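Just so it is clear, A, B and C label the chains in written order, and each chain counts residues from 1 on its own.
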């Protein structure tokens, strides 16, 4: 439970908010690479953490993310011409490059130096892992890109998608690191075991269920996983242990990475990894970037097709990345389905998440919540980000931006003896207590 | 004419407003019974006096009306499963009964007493007269249900509908107790008497005009009824007397019942009674519950079909109870029809009322109105409800909630000598100066 | 660049704003005559400078523009009956004439004088030049109608249209008096000269290009016209001079007329004149009235058809005067067209203007603009209207309302020697340094 003031502190991402300041110390996904496919193609309007921006790819393939209004008379450069290494305003022809420099100002004589005084706000950008990243903080604090494994593997080994979410980014992320809800939200209450398996196999909610699997039973039967948390330079390892049929525990271990990434806890060795990143559009909507990857092998065309049609945390979306099953159509909630085969009556793990997260309100009112032992991952997440935002207010920079290699981690599931600590389980599962795999990519130990 | 402050006082129904406090001393229609047809069926989102709520019918047929957000993490219980005498949250399985008790809390161990400390806000409910009622005031002040005759007669003798209205409840109710407007708003300006009779017979605006009737002429010819008012424990008798062809007066007598019911003034003996109840959704929209009943006989299937298709104050609505002719389609106003056959060009008495009431604005600006002698019913209504709300602010409870039997009254029309008082006319027409018929139902004299 | 306070001062048109006061010293176009075609026809809801009003044409053809809410109970007279020289409220039959007098009050006895105390707010109106004008200022300051030449010529010699614009009126007007943007916004970047000519001939952006014309080249080749300004009693002559192939200058001379008219600068002698008037609906939308006229001859049916389909500053609109290519459909911007044949990718000069003006924001943020030498027309316009509004705040009335004949001016293009002043050029082109042609209509010298 938070005070009203703390709830605002946690959830506000605008340029004037302390949490907005913290978020601006990190690189943010701004678009998928596929949204700017062509050099000199149409610019795209975007909105990131409350700021309206314009993104374009220039003649040389460089990406500009700039303030949309021309400094001359405020016309939107969206109407401009993207040509010859710059965006030219359609009103009077002023032209800017990806760094915001004014490179032509035809309403002044060629000999005039006026154009040297004109600057368009432009943020640094990177293109990596099929994602276009933007850094919106102070230039002198700009870190390296976080070395997520999905960006380290060859392009053939990953798949990246995005979806729109109609609520504040924090409660949606809190749903992502909350692995207790799998016993309910994504459950298949059918008594028909074959039918149940078929539905789970289509969802990836609990890993690869293409063959009969104990994990379904373990997760369904134990709604009270016991949580352990390990902090590291880039975030938190969040492990939840459930009973199995014997004395062992079934661990499902997620990763939270500062300030807005989370990895799903399902993957057994050799199964696909899933991660998500929540980027505020404003304080009541966000984009969720979702990435699947495998170190061991390329993803098959069949797998890509499956993801594109909505699978696991990949949503089925339209051409504007809006989920087909969404708030406006009540997620196509089917009450008969809910009675028989789906705990929610909503099809799709991603859509089940969307529905329940939206339903908490545009911004969840945390002054009324009642947290318990299964929510300690959320409690630790809040401590971490609110603590970092408070420290930054006092002038202490966050540590994670200067530890970009520490983002090279994995998450997943494991079965281990009841006496083992989370650190031991992590080491058994991943070879490192934090799930760190950067050494495999030459990033050091 | 009211001051701006008084206009706000009169029209605001939220939990923090004085008039909202007064309204919360009474049972309010929350839904039609038909909106929750099944046990363990889907819950329904409702909004009453600015409060968002969730209604559901449990396994035993009991009705719950509760705060929609789960106390755990704020997920909307609308997504929950209605099963085995309670609503179970889709997020982590917390479960609540119709009284708001937490009856299962699976994220805590079975032996934990945590769930005894968890309570969901739940309001008392009743189901009576095909209506689901809710009481949203202090529990210790909860009255009996108002004994409206429509609920006392067998179900076969009544018909209940509802419609959405796009404006504040007060101005819509003021239209309901204003019987002067029948000379205009519902008039049929045709010179063709047969056509005129046919249209009136389809409207019930002036009673049962299935045969030629002097009432049409009397109402059309006298736009200045003389009003008399009698107060009683449950409300006001509002009589308007018009000239007839001879020395007698044609009385049309409405009832206002605290705080938001009104009965139409048209019924001659043996004709159907019509009542309405205005329930604020918020301060700029309301639901109007409309009930027709007859003590003497069951309503016929033909009559029910007529009501369902829109007749008199029953509106023609879609599956969500939204009028087919509404603000968004300009009530299908037909200017040619207006020239020839309808004073407004809008088809339907209910729709004519809706249009003119909406047109007064989301909340009528009463600082600019100019009331006259034909508006004294409205003046007395305001005195009564504003007086009661002011008294309640001082700690004096309203009288009407503790006089539930006094709601068993009728309204209607009568022709009487010019020397007779309203009390005499009421006694001639109904056997009681207040139109009280409770004695027929064993409610005392 | 303006301060935030000055930007608000310039752009706010409501009844409480200083600029609103200034605008209310002038006659404003309120509707096209064609919008109220019939006597006793349906009233029309309009909104002018933030005020919701109702316009109707009575039995005698007179126009009423009145407050829409009946003084009795606030019902909207839009639902009323327009008959026998007045508008009768549909609620209780109160009736008002075009001057706002209550001419029938049937809820009071005929002998009552109550109705003499009831007054509906009504503004003076005029019908002239196919436009219905309204005056919303203090009655004792009411001026004569501005003697625009479009209203002085026979009806056969003019064509008037209107279109909706989704932004503040000032930035849209500033686009109208800014003749520098023709080198870009309306440019045709094709290298195919025949194609280029064909497109210009369909646009009228640079005058009558039905035959090959140097003007296209001159405007395209010189993006830095040199501006000169002459003030006169009704407004400003704004001349922009571009280089030609020889020593002469190509002048394009616009007129700004207080407080919200502008004439296009293109017409060579014998070519059609185009003027526009920006009327605030509220502070984030306006109607643009557009008029074309010729002193010399009637407009042909072919020309009228061309205008009706969208030509030059006449937009292609639907039955509600909303442009077919508008903000909601992104002006049907075609990026392929933009690469090849149109600087903007938007079809239509009027639509190109709309798009770029809307793109400046609902109200352009002038605290961030950077004006240069090609913007001095805009600077002088702001000085004039803001100075007049400040003077009015101090009690000094503006001069233009009392100089109605000085609106009889023309604008257009000319080619002249480089040594000639704007006054000389005007005199060569129009016979008068201000472009005044009132003498031809008997309005004096």
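A few remarks follow.
Methods note: contacts are C-beta pairs under 8 Å (C-beta built on N, C-alpha and C of every residue); 3 or more make two chains touch, one makes a residue touch a chain.
All values derive from a computational prediction rather than experimental measurement.
Looking at which positions face the partner, chain A and chain C present mostly different ones, since fewer than half of the interface numbers are shared. Rotation relating chain B to chain C, from a C-alpha superposition: 120°, rounded in steps of 5. In this assembly, the C-alpha centroid of chain A lies 50 Å from the C-alpha centroid of chain C. Annotation for chain C: no residues touch two or more other chains. Remark: chain C residues 171, 174, 180-181, 183-185, 223-224, 333, 335, 338, 343-344, 346, 352, 355-356, 359-361, 364-366, 368-375 touch chain A in the complex. If you check the complex, the residues on chain C that touch chain B are 41-42, 69, 71-76, 78-79, 81, 89-93, 106-109, 114, 118.
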